[in-house]
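In the two complexes that follow, chain A is the common piece, with chain B as its partner first and chain C second.
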Partner chain A sequence: MDELKQVILSYVIKEYLEEGDDRTVDAETPLISGGIVDSFSMVSLKRFLEKRYAIQIPDAEATPDAFDTVTRIAELVTRTQARTDGRA
Partner chain B sequence: MAYSAAVRERYQQEIHGLEQAGLLKQERFIHSPQGADISVEFPAGAPVKRVINLCSNNYLGLSSHPEVVEAARAGLDSRGYGMSSVRFICGTQDVHRELEQGLTALLGTEDTLLFPSCMDANAGVFEAILGEADVMIADRLVHASIVDGMRLCKAQQDTFKHSDMAHLEEKLQEHQDKRARMVITDGVFSMDGDLAKLDAIVELAERYDAMVLVDDSHATGFIGRTGRGVHEHCGVVGRIDVITTTLGKALGGASGGCVSGRRELVEMCRQRARPYLFSNTVAPVIVAGALKVLELIGRGTERRDKLEENARYWRRLLTEAGFDVKAGDSPIVPVMLYNAKLAQDVARDLFAEGIYVVGFFFPVVPKGQARIRTQLSAAHERAHLDKAIEAFVKVGRKHDILGKGRKEITEKYGL
Partner chain C sequence: MTTTTLPVTEPVALDWSAIGRELGYRPDAPFNIGWACSDRICQLGQAGKTALVWEDVHGAHRRFSFDDLRLLSNTVAHHLLELGLVPGERVCLFMDRVPELYIGLLGILKMGGIAQPLFSAFGEESLQVRLEDAGTAAILTQRKHLGKVRRIREALPGLRHVIIVDAEAAALRPDEEAFSLDSAHRPESFQAYPALAETPSILHYTSGTTGKPKGAQHVHSSLLAQYYTTKLVLDLRPDDVYWCNADPGWVTGTSYGILGPWSTGATQVVLDSGFNAERWYGFLERQRVTVWYSAPTAIRLLMREGTPLAKRFDLRALRHLCSVGEPLNPEAVVWSEQAFGRPFHDTYWQTETGAIVIANRPGMTIKPGSMGKPLPGVTAAVLDPTSFEPIETPGRLGLIALRPGWPSMLRTYWRNPAAYAGKFKNGWYLCGDKARLDADGYFWFVGRDDDVINTAGHLVGPFEVESALLEHPAVAESAAVATPDPVNMEVVKAFVTLKPGFEPGDDLELEIMNFVRKRLSALAMPQQIAFVASLPKTRSGKIVRRVLRAQEWGEPVGDISTLMDD
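Coming up: the complex of A and B.
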């Protein structure tokens, strides 16, 4: 797994799993549709990504669907980074 | 015709989908006043059945109390039926202010503002007092009305793991750069029945310069030694900045809610909270009933004491019978079944045995956490609970869940 996915996965496990939660989470685990992250709590993940990678994820793109797996989140970050770099 | 056949069909399919998924909510028609014993028609058209009610929020048993009913009747005569106006035009009576002052005294706050419901109080309070420069940090299990209220507010949002004080502290540290911080929690969490650690929350909030908002809807009138709420239970009366609560549960159970707390914050709600500004407030008849409820609570603690004793007794009966019961100190006693269909089947079988309870499952509770939420009332007598446990044991045996925990139940029924 590449570094970006690893960073996101670590954050998800630390931020969203309760102590004693025995569910395993990998890059393909459905987070929102699987009931691990709810859309109400998703905002801290978005803020973490924006701060860590110095990007602005447009609200229209920060959909539950785009945040449903670590892989999709990584794709969203990569897309947003490319746009940001393109502008710079 | 704008409501074309295609549009109608789309909605029909959606409703059908809910039905197929077992998520369609159906009302049960009650043919009697609210109480420990009620007459229920379910399903629609079925003969009316007398059942023991274990799922209302009638915690103090005041919903149909003769003195409350009589006071409401007198209120109807003296102040009329409706106001036909919002509060700030010509919709405020002397009794509205009197009730607000009574709630302020009960809750130990500085001032109170009535709302049409606590749902409305929560919908309006955040937008009225916080702005873009501020942050709201909520427990992840807060009530849906708080989630909605936060979504209507421009302040930044964050959440902390349920009742996890270390996680809350991390969030408070992270948000020290904001103009104001507000920690938001339920007092009693309605699905689990556990109490917020308000003493620890207040201590953290004071250390990190944050305000605290508590929705005490499932506590006002009965939690704490004199029933003031979770803040009394935790010894922090006077240190909570905003309390939202309801008249729709223990306090007579009709309708209405309020924002109570720091004088300036309540005043901001009077100036800016949209559900207060653009909707009529609680009807005079309900105000009159609620004033009597406050008087009854002020006379002594017998009702909340009986409720506490009932909850303790019921919890012991369930545990001794071998049910998987969530631990807690409130009159909300969840019986864990984990599997959604099992929860519905058990509720249905209990109804056949004369016990009215409801199964809860995703999305109301997290996936794999289906349950039957039982709720105690001061209106229950020991005989009600003794009869109820007989039915629970019979149904528990039928489904072979007695003495079984999460692992065994999910192995048998799946998640």
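Coming up: the complex of A and C.
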């Protein structure tokens, strides 16, 4: 797993999984539809990504579908970074 | 000069005793909701009919007949009595949308307990406050939520039983109990507690502007209203497949995700999944859902995914769509006609009313954006906010009010009769919402009449958020208000001043957001935090939220002459 996914996965496990919740979470685990991160919590996850990677994820792209797995979130971050770099 | 007379003051009378007879209910005779939703349906010759089809996000799938409901709710009721619980004690359900939640509610009612369903995403503080207030004796929960219960248990000496529905006893602490619907003793017959019309049944907690959440106390005869409105408004018929995507931790998920459909003998389907448009459409298609009760936030999220996605699925079985929780914007009504070939029908009610009171019923002309009209048996009006008399001029803004008398109205707030009494003026129950009436008698929702934040159809009390914020070491003062949001209608915005030594910044903002989320819930988490030098206050030092709220909504701030100068 690349570093970006690892960072996101670690944050999700630390922040959104309850102590004692023994579910296995990996890069493909459904987060929003699986009830680990709800659509309200998504806002804090988005804020974390924006802060950590110095990006602005457009609200229109911050959909439950785009946040449903660590892999999709990593793709969203990568796309946003590419646009940010292109503007720089 | 002519004056338009509003038809709202002419309620349609309803013979509740006839509704009661359909349900096997007689005043002053024993009547138990748990029995009425399971045993009674079996006695009507529908024991083998499917009551519940359940799926989860991982593809697990279970099917339960009404006879299963009867037997398994007997199992829960028997187990609770065996533990020493007695009728009248509060038993909390703190679970995701698993079968044990739905069946457990019937079981608690059958043994005479007062069911207290709570949203499983609540943080430990939200959970503790509600269990403390109710004096809850037992909680049924899942392994994944056990951590929260463990962290607060010491503070809840009255909580005698922590029952985990999906764990082996070996994995639990000595003071916790494992219970499995699959392996527990199943009593073929069980004498349901002989509840009477006014015997308490369910406590649903709701948030207000001030103070802690209050437990709206309902009674067994409330089922008359849920049964009637399920047939009248949701239009459930014997062959329907019904999906209510609300969580039973909230009143919609209980009144219309358990009681209403099962009292009519309907088949309902449940998807234990968070939002995902493709998954939801796939579920509707696979289960051949005919009647769907959803919410504006979910509908707006589906709208964002576009009509072509909806068109990829065969949703022709859908014949009736309803919505609840917050006003359904006209665009959503129009979109649903494009996507599904039929409009969503908005319905209005609240935790306290226990059942739908104002709605766009089948066959009515829908005015997109309107809540519809009062149901038969309900007297509703828009009151002048000063005189508390019904407004008789169309278009004038006032307070939505109901005359008490329908069966599912709350009977009191749990151990808080003063708060209950405060909800009435001139014999009217005040809903806490503002609306206008048009000349045809349709109600048009305008907003809350207080500081409560309606986010995605769930009420969040600003006081709770502010209290949680003040527990953060950096926060000196706080105010929480609603700010507009295109999907959730409103979300929580916090204004905070910091203690000396703390600096505003992104790190601190995220830290505070997560701090509140874990204590209360994601719903209550401020989605925006403004770090300010001071908050608007009265000269006596009380924080004035209305000024902040008005700024957020671009409204006039009103009289500020009584505010303290900075």
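Simple rule for what comes next: the second predicted complex is superposed on the first by the 88 of 88 C-alpha atoms of A that agree within 3 Å, B and C clash if a C-alpha of one lies under 4 Å from a C-alpha of the other, contacts with A are read in each partner's own complex, and residues count from 1 in each chain.
Rule of thumb we're sticking to: contacts are C-beta pairs under 8 Å (C-beta built on N, C-alpha and C of every residue); 3 or more make two chains touch, one makes a residue touch a chain.
Note that this is a predicted model, so its numbers are computed, not measured.
*Asks:* Quick check on the superposition: with chain A as the shared anchor, is it clash or fit for chain B versus chain C?
*Replies:* clash
*Asks:* Which of the two partners, first being chain B and second being chain C, lies in contact with A:Asp22: first, second, both, or neither?
*Replies:* second
*Asks:* Would you sort A:Asp68 into first (chain B), second (chain C), both or neither based on which partner it touches?
*Replies:* Touch status of A:Asp68: second partner only.
*Asks:* Who does A:Ser44 touch here: chain B (first), chain C (second), both, or neither?
*Replies:* The answer is both, since A:Ser44 touches chain B and chain C.
*Asks:* Chain A residues in contact: does chain B have more, or chain C?
*Replies:* The partner with more contacted residues on chain A is C.
*Asks:* Output check: A:Gly34 vs chain B and chain C. Expected answer is one of first, second, both, neither. What do you get?
*Replies:* In the superposed model, A:Gly34 contacts both chain B and chain C.
*Asks:* Residues of chain A that sit at the chain B interface in one complex and at the chain C interface in the other, please.
*Replies:* Dual-contact residues (chain A): 18, 34-35, 38, 40-41, 43-44, 47.
*Asks:* Mind pulling up the chain B residues that touch chain A in the complex?
*Replies:* Residues 138, 140, 147, 150, 156-159, 161-162, 164, 362, 366-368.
*Asks:* Quick one: in the complex, what on chain A touches chain B?
*Replies:* Interface residues on the chain A side: 16, 18, 34-35, 38, 40-41, 43-44, 47.
*Asks:* Quick check on the complex: what are the chain A residues that touch chain C?
*Replies:* Of all residues in chain A, those touching chain C are 15, 18-23, 30, 32-35, 37-41, 43-44, 47-48, 51, 60, 63-65, 68.
*Asks:* Please give the residue numbers of chain C that touch chain A in the complex, ascending.
*Replies:* 57-58, 96, 121, 143-148, 150, 272-279, 301, 304-305, 455-456, 488, 491, 506-507, 509-510, 513-514, 517, 521-523, 525, 527
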